[in-house]
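We call the chains A, B, C, D and E, going by the order they appear; numbering starts again at 1 in every chain.
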Amino acid sequence: MLELNNMLVRYGKHLAVDGVNISVEKGEVVVVLGANGAGKSSILKAIAGMVPVADGTISLDHTPITGMPAHQLTNRGIALVPEGRGIIGRMTVEENLRLGATPARARDYEDDTIAQVYDIFPRLHERKRQFVHTMSGGEQQMVAIGRAMMSKPDFLLLDEPSLGLAPIIVGDMFKALARVRKTGVGLLIVEQNVKISLRHADRGYLLEAGRITGSGTSDELMNDAAVRHAFLGGDI
Amino acid sequence: MKTSIAFALAFTALALLAVAPLILPEYWTGVLLGMTGYVTLATAWALFSGPTRYVSLATVAFFGVGAYTVAVLNEVLPYPLVLLCAAGIGMIMALVVGLSTLRLAGVYFVIFTFGLAELVRQTVSWWEVNVTYTMGRYVFLPFEGHHIYWQLLALAAITFLIAWAIGRSRIGLALKALGDDETVAAHAGIDVTRIKLFLFVVSSTIITLVGAIQAPRWTYIEPSIVFNPTVSFMTLIMALLGGAMRLWGPLVGAVPLFLLFEWLSGRFPDHFSIILGALFILIVFVMPNGVLAKIDDLRKGRQS
Amino acid sequence: MLEHLINGLVLGGTYALVAMGLSLQYGIARIMNLSFGDTIIAACFATYILFSSFGINPIVALAIILPASYIVSLGVYRLMMEPLVKRAPDEGALEVDSILLTFGLLFVIQGCLLVIFGGGYISYSFMNTPVSVLGTLVSGNRLLALVLSLAIGAALVIVLYRTRWGMILRAVALAPKSAPLFGIDTDKAARMAFAIGGTMAATGGVVVSMFQTFTATTGVVFTMKALIVVILGGKGSVPGAIVAGLLLGLVETFVAAYIDPGLTLASVYTVFLLLLLVRPNGLFGKA
Amino acid sequence: MSAQLEISNLHKRFGGLVAVKSVSFDLKPGEVVGLLGPNGSGKTTVMNMISGALPCDGGSVRVGGKDVTALKPHKVSKHGVARTFQLVRPLPTLTVGENVLLSVAYSRKPKWGRAAQAIVDEKLEFVGLAGRGDEKVTNLNYIDQKRMEMARALAAEPEILLLDEWLAGLNPSELRIGIDLVQHLQGQGMTILLVEHIMEAVRALCSRCIVMSAGEKIAEGPSAEVLQDPVVIKAYLGDDHA
Amino acid sequence: AQDREAVTIGYAISKSGPNAGGADMTVTPNYELWIEEVNAAGGLKMPDGTRLPIEAIAYDDRSSTEDVVRAIERLATQDKVDLILPPWGTGFNLAIAPLMAKFGYPHLAGAAVTDKASDFVERWESSFWFMGGSHDYVSAFTEILVAEREAGRINDKISMVSVADGFGIDLVKAARPSFEEAGFDIVYDKTFPPETSDFATIVSEASNSEADTFVAFTYPPHSFGLTKQAKVASFNPEIFYLGVGAGFPVYPNIAGGSVEGVMSLGGIDPNNELNSAYRAKHEEIIGRAPDYWGSVLIYASLQMLEQAIERVGLDKEAITAEISTGTFATVLGEETRLENNQLRAINWVGQWQDGAFVAVSPEGSEGLAAVQLPKPNWD
């Protein structure tokens, strides 16, 4: 289980995340909803060790992992697909994926996982020798998710994975994520695409100005008036 | 209002600096001279390289060409015409260089400009050796230190004026923009090529003039003397130290650094390099973004 | 013709040897190391002292100097570079910082050498024996430089492009911010790249000292030659550095032979500038 | 009425990959048209060729009847074309206001000083950033950066606006605001080419759609029809949206 | 000035930068040696027999002309030193010449080779030139060549290279007409940039040229590099003449010991005891031997200065006049004197013979060793 306990993230004087408690079980899909600037990305980055945690703790299966450097966390089974994708533009698709299997825990499964990734994203297989920076936005997103899967994570953190993807791909991707989840991986997703993400999630949290203001199962949230108003945008 | 006060202050400072050689001993005129030379170089350098972030090491190419023009022409033409020629040659050279380097970015530009300076020096050497058969040239112009200093001071003042005017104009804004992102700048309607070229030419012409004005001080001129790459490095370091993005940055970098060099080489002639190097390292750690930024930080710190 | 080709390759081998280390330091550790040439000179002096005062043959001296330079470079990186890397908000800032810092370092190394050894010219004779390569007599020490640079270069290329470790190093070079997400310890990779680069500088120094006259202040010349080779080859590209090094060696030799020795350097710079204009990211650089 | 933007047989190759294959379409003045297509189908590439960011390998682009095919971006902008970028591209050393001012200062009718400032303020207010001109762009959050980029594009007083996924990454309520803004522009008679993956937005804004796939135009017509087209559903929308 | 306690002597020299190598060989050690010797003896002797110790002020000019000029201004107007010793290099000596004249200091330009010395003496009356001009070196060498050709030991072809800076070009410009007038054919004549470090091509072209005489007007790195390459390529012309560096004590090491017959500028008379004593002292105090050309001349200029002070005191004009007209006992000989403010008692050509670099063509003095040619094989 991945557990955040009263976690705080600060940028200088600015408090971006103000004491949140979030937990994700293995094999569970949890989504964090919130307006732009609510601090969603900051939460994910803090878990992945990309920004320092100012206060509170993060634990993985009840062992504290607060303050560990990012590369060690990857080896502990936490993989982040950040905003802006975090892939290596001047390497090929295949190199990016293989490099994703750098953590010791993933090395032995490298060939199997890569086959699995190509199965989910056939486009990547077609383009495996292409340099990533020459690919379209959506194609790059696929590489990013594929790369994260390569590290054999227990918990996959996704920051707005559907951003810029064609509807058909978004659909495919969530289906793919469902398959990833079936392998026992816990997913923590930050999304703007509330409808589709709630459809695929088990539970969700609402984040406002760095604080959790609500939580519940997907169905509860979907039917919550406040949520409908703020995130499902009324009639659209 | 604030501008006029600033102008009055600047003018007073300029006047004081101008009369200084009449009061100060000769050596201090020499110090002021060298300092003004570097202040002008650094300010002119930052004019182009500051906002655009095209770090140029071609400074000495222009500086040297200026000096060489004087060496070649000083017995043929009256001095003002010689300066004019130097400026013209610098301008043409900058145009050619500018036009050919516009595709380069980042470190490629840096090393390109370094290569360019070396190429100019090698070519001048080769020309002198094989075509004119004169390696060293003599400059016997009847100038003393303070004459050269006054010319440099005037040039420095003009350079500041240009830098100030550009900073306030829309060209200044465009320069900053294209330093950030040329594609965006171009889409905003900026003719990126023209602006870069224009600034490069202005900056290089001033640098050429500094070389031309300083040449009579050395009596004897050969390529290894006037194309000394140290000039490029010093200029760059001074501007970066003070803060190349600001009008006063290069000055704030050049003055203390110059004095420091002077003091160290007199006080510790045998350990100059070590102390200087150590100080440099220290500066990098203590003032990451240049002196002006540090001052800003301190001021903000006190206010809050 | 063949003679010039061989001479050119031998000369280019030295350039490549010297440049590869810088390519690693700049490409992977992202340190624009202006004190690189002074590291080379320091190794030259070390070799000279070991040879002239202790009678240690420079080849044997490698066994002492290489580990020593690895450790020293590692220390320098830890002590001076790492804080800069940590605090740099972006790549541009790190570049400026590293230029300023290594500029200072350059003076420190140079100053120490001046104090210890004075400013005089140093030269000694070792392996200055003719070796016939396809009928051309080249000096043993220069040939050693070529062989070493090809061997090291080949090894590096294999490591960088054929092993995971090499891929990791390249990843750090290309996307330092993203690399940790891949489970890569970027600090460690950069540290090692810098130290290996320093060790290669020292290797270059040991070999170069055998045939080139040096003084405490000639480091800058090496830095600049190395930078030119690195940039011409394409930032961070080891094969690029080798090709560019050999190319420049050939240009120098052919110009000296067929046009005018006075134009060797002018033509090196001309070739460099022209190639950059055609390929603004170097021979092997990626746009 | 003649076309405001006229594209014919546009072609673009990247090495071996043909990213855009003889694509042609027109935009009439005041039209808002959606350019749709799966990822990598060449939409951004088409936009880049229109704005001059990429040279065309074939075909032509005409703006208001004038050929702008071979022009550089700054020249194209002088013909009244402005754009936003798929990934926001603020100019970090400039303030929010200066980012916008830049466009004013180099527009077809360049202004500087007070007159320019007035336009800057007006555009900032229009996108909802009133009074925030002095802030650093890097301090803006994502949506505000997008707003700033819109203001920067509008400040050039363009006739044609190219929006590359300008609405991406907004949550539904923010999306509403964004759509209103574009509709407002539409009301002012602006011609807009819109690349978007958010179907709600496309339906709300675009009278017409052009769909690309693998570099080719596969469909064109009124939005409602195009979005029902089985070819489009198969290539782009997927069954969920059918 | 009777109440003074010391004589201040200032100098600016390249302690860092590209000129440091040259300065560190010929100039700085001699300044240090001389000052130490004088002070060890109680100081500079004044006309009244008292002795005043020397207080030295040394600046680093960092191999930059602007700095050397400013350093002289500093010494003259700030430190107000009694005397100023010159920097290293032709360009730097010319750069400071106007200032030295303006402030009235005697300018004993030591490490400067120029053919215009006679003009400069008129322009700057207190300037003295101690190293002769390129014509002198070249014509002395040409005489040797002519003699060798007449003896049938060499052919009439010469291959010649030079370094592209003031020194190399001055010499090569003097050499071309001189060799040609003497009926030689210069079959290879190339100039290379000072940064050159690889001489494979040059040596191979020179050895293909069929000339028996190889002349290189070069600086130490080139002289060393040419030597090594010549050995590797077994390039062994009858006459092998190099520029600066071949007269350095380290030269035999560089050539792996086999330097017999190599010629260069300078050289010493091994039988001159004053000179031997000087060399011994230099080794003792500085820790290494002086070179066989410039050092001697620099040291001699200092001795002249010392003796002039002993005769006329510290008045700068009087010193200038004394140096100009007086006769001095120096390492060059018991009766050294200047002609038109220029030293002429210079050994123009030297040659390595039996492990010593001996003068084979001194001007107007005895102790001439015979030239030994052709040069034997490298090993």
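The rule is simple: a residue touches a chain if its C-beta (ideal position, glycine included) is under 8 Å from a C-beta of that chain, and two chains touch if they have at least 3 such contacts.
These are the chains along with the protein names UniProt gives them: A = Amino acid/amide ABC transporter ATP-binding protein 2 (HAAT family); B = Amino acid/amide ABC transporter membrane protein 2 (HAAT family); C = Amino acid/amide ABC transporter membrane protein 1 (HAAT family); D = Amino acid/amide ABC transporter ATP-binding protein 1 (HAAT family).
Worth saying up front: this structure is predicted, and the values here are computed from it rather than measured.
Touching subunit A and subunit E together: C. Taking the definition of touch as given, a chain qualifies here only if it contacts subunit C and subunit D alike; those chains are A, B.
When each chain is reduced to the average of its Cα atoms, D sits farthest from subunit C. The distance from the centre of subunit A to the centre of subunit B, each centre being the mean of the chain's C-alpha atoms, comes to 51 Å. Once the centre of each chain is set as its mean CA position, subunit B and subunit E turn out to be 37 Å apart. Mean C-alpha positions place subunit B and subunit D at a centre distance of 43 Å. We define each chain's centre as the mean of its Cα atoms; on that basis subunit D and subunit E are separated by 75 Å.
Chain contacts: subunit A has no residue touching two or more partner chains. Multi-chain contact residues of subunit E, defined as those touching 2 or more other chains: 15-18, 164, 191, 193. Across the assembly, subunit C contributes 110-111, 114, 260, 262, 265-266 as residues in contact with two or more other chains.
Under the contact rule stated at the top, the pairs of chains that touch are A-C, A-D, B-C, B-D, B-E, C-E. Taken together, the subunit B residues at the contact with subunit E in this complex read 25-31, 33-34, 37, 122, 125-126, 128-130, 133-136, 138, 145, 214, 217-225, 228, 230, 262, 265-266, 269-270, 272-273.
The touching residues of subunit C, when paired with subunit B in their complex, are 26, 32, 80, 83-84, 87, 92-93, 95-97, 99-101, 103-112, 114-115, 220, 224, 227-228, 231, 235, 260, 262-263, 265-266, 269-270, 272-273, 276-277, 280-282, 285.
The residues of subunit D lying in touch with subunit B in their complex are 51-53, 72-74, 77-78, 82-83, 85, 89, 91-94, 98, 101-103, 105-108, 110, 112, 152, 156.
Within the complex formed with subunit C, the residues of subunit B that make contact are 53, 100-101, 103-105, 107-108, 111-112, 114-116, 118-119, 122-123, 125-126, 129-130, 229, 233, 236-237, 240-241, 270-281, 283-285, 288-289. Residues 14-18, 20-21, 23-25, 28, 161, 164, 190-193, 195-198, 200-202, 204-205, 220-221, 224-225, 228-229, 231-234, 245, 248, 250, 253-256 of subunit E touch subunit C in their complex.
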